[in-house]
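Below, each structure is written out as structure tokens.
One chain, subunit A, appears in both complexes that follow, with subunit B as partner in the first and subunit C in the second.
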Partner chain A sequence: MERHMHSRPLFHITKKDEPSFLVRSLTVLVAVILALLVSALFIHFVTKLDPISVYTSMIKGAFGTKRRTWITIRDACLLLLISLSLAPAFRMRFWNCGAEGQVLIGGLSTAALMIYFGDKVPGAVLLMVMLIVSALCGGLWAFLPAVFKAKYDTNETLFTLMMNYVAIQLVEFFVDFWDKKQSHSVGIINMNTSGGWFPKVFGQQYGLNILIVVVVTVFIYIYMHYSKHGYEGAVVGESVATARYAGINVEKVIRNNVLISGAIAGIAGFVEVSGISHTISKVTAGGRGFTAIIVCWLAKFDPFRMSVISLFIVFLSKGASQISSDFGLNEYASNIITAIMLFFILSSGFFNNYKISFSHGRKEGD
Partner chain B sequence: MSASQIISWCVAAITFGTVIMYGCIGETINQKAGDLNLGVPGVMQIGGIASLACAFLYENNVSAPNPWVSMILCLLATLVASALAGALYAFLTVTQKVNQNVTGLTLTILGTGIANFFGGNLMKLSGGVGTISVSFTAAMFKAKLPFLFGKFGTFGSIVFSHGWMVYLALLLAFGIQFFLDRTRTGLNLRAVGENPATADAAGINVTRYKYLAAIIGSMICGVGGLFYVMDYIQGTWANDSTIEALGWLAVALVIFTSWRPRNATWGAYLFGLCYWAYIYIPTGISKFLADKLKLQNVTYMQNLYKMLPYLVTIVVLCVVSRKKKRENQAPASLGQSYFREER
Partner chain C sequence: MKQIAVSMRGISKRFGKKVLANNKVDLDIYEGEILSLLGENGSGKTTLMNMLAGVYYPDEGQIFIKNTEVSITSPKDAYDLGIGMIHQHFKLIDVFTALENILIGLPSDEREKTCREEVEEICNKYGFELDLDKKIYDMSVSEKETLEIVKTLYRGADILILDEPTAVLTPQEIRKLFTILRNMKEDGKSIVIITHKLNEVMEISDRISVLRKGENVGTVLKSETNEQQLTEMMVGEKITLDIARDFVEDKAKRLEVKHLRVKNADDKMVVDDISFDLYSGEILGIAGISGSGQKELLEAIMGLQKCEEGSSVIYNSTAHGVHELVGLSTKEIIAHGLHLAFVPEDRLGMGLVGNMGMTDNVMLKRYRKGSGPFLHRKQPEATAQKIKDELEVLTPDLEYPVRKLSGGNVQKILVGREINNKPTVLMTAYAVRGLDINTSYAIYNLLNEQKKKGVAVIYVGEDLDVLLALCDRIMVLCSGKLNGILDGRSASKEEVGYLMTHLKQEEE
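Entry: the complex of A and B
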């Protein structure tokens, strides 16, 4: 014990100023390369593919054909949309872990409208109604935890997580309710009439998906940087005490920002159901709500960085899925690869903010 | 409801409760050091799949497998794998000061990936077909208590019809409670969670405590995963993410117990009763509700009943936060990284 107290530690950590953009980018690049190496090692371990074939298969899987490229872009847009939805909440340090449920509820309300009005209401009107209703439903799903957070400081992380499971059960209930064949699935909704489906825009099947994401991206950018509420959210995130002192109505700011957060997640559910899968099930959100949390955090709430990270993560998971299916394995390989990548990038941030000094020479204080 | 139904409900609740009791105890230790680990579902899955893979490889590669050896190897595999997961969490949050929520959630993504990938593919990777089953090893974990099983009527059927890990969880809950309340190390651990700067000034090695809390906490969570695999689903694997839900409920249970493992000994079983209620709610009630909702089939009601544990958790969270009793609060530094230079 005595000896231990006098020996100098092997290294110590000090804070440093944030380095230039170039250095920061290089740090992330190194992290990405290391993560790609580790991922390749993992794939090599289970499939015996050599690393070069791993990467070529991944690129083929994500961008091999025109259709695959579109699917990669489409899925990246969806992940980006959910990541964007989290920004207003996270900037207040409101840990919305319920995007998964908010997406599901948005998707569920969309599916309901497609089923009941798909063939009765003109397409454009129905799409507008679905957009509004899904935003309201998703917003409500986030609003409830926000009210309790604002009033009683109820733990929002767990509240929103629990709301995910309530949403899952609600979806399960309606899937059974709508399913006429007792197959525990609603199948493709309006398969023959395409009622309530996204129309082609600019001649592209996923044109409208992209359009919605672009509009939301711009909205979030303006909201976060130039609106009063967005700014107040940032102050609340820095310090609730400061916000109160400045005369900000903290409760109201929390409620409104989270409402917007949930509403955008709900719209993501609308895009998924009406614009992509045309069905609803408990896996409609597919874990994107959780991946989006990390994307949003890594991007430091910046919409541009979010889009880059989203595209990259979707590329990785498409690539990993392709290799898995080539070898008859399940698609969970993509979860592993995504997590490896996220861990490396999370870890790399340390080297931008802190400096490690190793101790050299003799021990001091003996 | 008949007596046999009540017995089977309670037995199912105890099995369920044991999984989340391990998770809750592990997470409590972690949180007492000031670290909120949202990686519990991931760590439980890593622990569970480690034991399953270990049993599978042992049973298939040894000509005359010994159940005792297999059981001990499984336990070791779980402890090592979940300790590694805990160390990874601690490295990022303690040494690198990455945000705890984000690190925990990434760990959950990793755990979900690893467990479902190997759970679904282990058979194929080793050249076989079908799903894994390690009933040989699982039987060891499910072995009933000698002398007590089958006695004491109804009480005995509920309390003594479980594998030994159910009782280990109870011992652990009281043991950890004693450790936190009555030992010097436990006091130090709580000091680290309340105010790391003060603990540091008092000569407590904050980094070491945080690392050990994350590693030991994760090991206990991992054992919960082992129990899930070996007992709850009887030595197989299912890619249905049930274990993920259980992991989140374990984290919620920490708040429910107000950071006292002692309370988990009944709280966990209560969650279990809620979780399985959907099977035991009398059909009369279901019929009445189904008629009111104009459902074609009474069984559809089960989907709504399954919300019960989550709704109960939400209500508990709200009530606990509204009361705000001083002695029931989270460790003061929970969720914040500690950096000595920022004191």
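Entry: the complex of A and C
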């Protein structure tokens, strides 16, 4: 026989059992430490900075002042809300990549109501109307691809993705339509009257944002685990054949769950426009619709894990922009640090399911 | 004295902490012999052979080929050493011809013409019948199997491993295969057959190695053993191999199927004008090579297939009166409270939800019960507990995902749920496929109990011995048509096998 037949492979990969919660948490912790170490090497050798001060600056960027902390929480809430919107769809394996567009449409309808009724309708009534209309509009944006998926089995990924561009174009059209100063922006809507803006709740500017997100988080959790509709969605996601066997109307379940998904994304648009920016532009969603996909997946569709992950991702981005301004680094350097963090944490999941066995024992030969 | 071709020493393979698939297995394979590797499902037969074929790499142990230690890290290594494995699921490309499939993966200088001649030579030598220009999608299972063997031989294999080669063949095809295997043995090839069918083991093999729970519990010569001894080695205890068949006097018509026709997505008639009656207190077996319309027939009765015009299925139960099922959806059948139970072939893909626990699976058909938008889990939980206790389902708890349980436990949950609803008609498809002997007998007993309670039972099966021992009547399907109904007590295996493959000429 040829020579190479005698050499054993250096290592091979085998599957292992799912470890306990403690071990899994430790794995993530080790991943974070490793990520910090590798980033430190990058910071030290490439940017010639002191890693400790860079890390301190990251923390300062996210939680340095009361205001910054609130902004971090506010942004994490928004990301969480959009991630939650994906859960009912994703659990059915309906890959809704259109949250970006659904948020935009929700935001656009909110902006329209603020512009036309901001000063004419009492605040509380207007907020209710905006909530409902934004949910309907976001829902409609998701409903269209769902109908086609249910009826003709079209590819929902492409369809929802394309709907994003339609939404962007619509927003651009209305921005120009409402723009009176030729500035290609609508500016802050109702700057003087604050018509249709979120009021302070519990004395906090972002109190209502948090309240809405908490309510939706609990709603999604209960919906997915304890409701008949949520159960149907879980069965359809697992196997369409099983669903039909159980007498479930698969088309209807797809339509309803995706409608809920889009409606929540629409509400996220309402929160963004009425509760945060008070304006509308094509970057209102700011890519969060796509980041939310990562959050939803990482959390395995669990609402409470989503909240932790959303906070972490927002923390990383706040920290990254802080270090780029503190140390005059360009955006890429701070993105690389963020990427190293994510890489380590994401890949640590591999070690929960597989182990690497190195060849050991006797050397070859007779 | 025969030469040792392969010897495996102290081979171990683990999957995670809990699963020890092979534990320090020693195995010798001689030249010019047929060795049967016998064992229940999950006993580690396929895993062991996969390590020889380069699919897995052993955690411990050594492999010697002709007394030289080797390390097999890929299927290519295995081929270089003259080892070829024919897997249970064929590795063929549907849109290619037989010859193209043989050529895949070989260096491009292997010219088609020389290849064709060499392949034809191999076919003539051992007695294969193979059309080299036929596309795979036009082939029967038996032809595909033949092609896999020829492909392996063409690549120079001296040691052939066949994983459950007879599982999907008719008795006639099995006989043909065995003749070929004997020719190959005469030629000095080593042949390993992985199987759990005792009668075939006794017919074809020279020696038999029995695996149980990952360990080699012994190797015996065919001439010095019998089926009873082999069963005891496999199971580890004495068991009786008889299936009970009582006669129930009181019979009432439960289903009257008339001119049932179903087309598949390609507009092909897959259930072609089938008419039969089903009675309470009987087990009606359905035989046929796989894909003869069994699946569609049961699904049509359950409202899962669209039936063609003129089809009729009359359901007649003392409790619920008479209903025409054609035209009713599954949801309507459940909503009307018609007690049709169905154990489908694809347990986790159709009958159960793999990621859910027992409770959520038990409520699959009745989750709508109770008012309001929320689920009512109390009742299903109690039922799940009852099924767990009565059928001895091994699960850590009622919320543990059923897909992580063994096949036997999965099937117990499915059958348990279906009979828990006190069915009038119970339809089962391949109810014991992949189950160990003890669980299989537990299922036969459950079906017999139901029959004695006056349930009308349909049993779609593939093992003719079991069909002939269990069923009161056997209905044979061939290409979607009803090809005859035989009496289970008097029919012979050959009769059933013949009807499975030879469609009766229709009377004009």
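One rule holds in what follows: the second predicted complex is superposed on the first by the 316 of 366 C-alpha atoms of A that agree within 3 Å, B and C clash if a C-alpha of one lies under 4 Å from a C-alpha of the other, contacts with A are read in each partner's own complex, and residues count from 1 in each chain.
Throughout what follows, a contact is a pair of C-beta atoms (placed from the backbone, for glycine too) under 8 Å apart; a residue touches a chain by one contact, two chains touch by 3 or more.
The model shown is predicted, which means the values in this text are computed figures rather than measured ones.
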First, second, both or neither for A:K15, with subunit B first and subunit C second: both
Touching partner for A:I248 - first (subunit B), second (subunit C), both, neither: second
Touching partner for A:S227 - first (subunit B), second (subunit C), both, neither: second
Partner chain(s) touched by A:S357 [first = subunit B, second = subunit C, both, neither]: second
Contacts of A:S239 with subunit B and subunit C, given as first, second, both or neither: second
Per-residue contact with subunit A, leading partner among subunit C and subunit B: B
Partner chain in contact with A:K300 - subunit B first, subunit C second, else both or neither: neither
First, second, both or neither for A:G287, with subunit B first and subunit C second: first
Subunit B versus subunit C as contact partner of A:K200, first or second or both or neither: neither
On subunit A, positions contacted by subunit B and by subunit C: 14-15
Subunit A contact footprint on subunit C (complex, rising order): 14-18, 57, 59-60, 65, 68-71, 73, 77, 80-81, 302, 304, 329-335, 342, 344, 346, 348-356, 360, 364-365, 367-368, 373-375
Residue ranges of subunit A touching subunit B (in the complex, touch as defined): 13-15, 46, 95, 97, 148, 152-155, 157-159, 161-163, 165-166, 169-170, 172-173, 176-177, 182, 287, 290-291, 293-294, 297, 328-330, 332-340, 342-343, 346-347, 349-350, 353-354
Residues on subunit A engaged by subunit C in the complex (per definition of touch): 1-2, 5-9, 12, 14-17, 226-229, 231-232, 234-235, 238-239, 241-242, 244-249, 357, 361, 364
Partner subunit A, residues of subunit B touching it in the complex: 38, 88, 92, 95-99, 101-103, 105-110, 112-114, 116-117, 120-121, 124-125, 239, 245, 248, 251-252, 255, 295-297, 299-300, 303-304, 306-307, 310-311, 313-314, 317-318, 321-322, 324, 339, 341-342
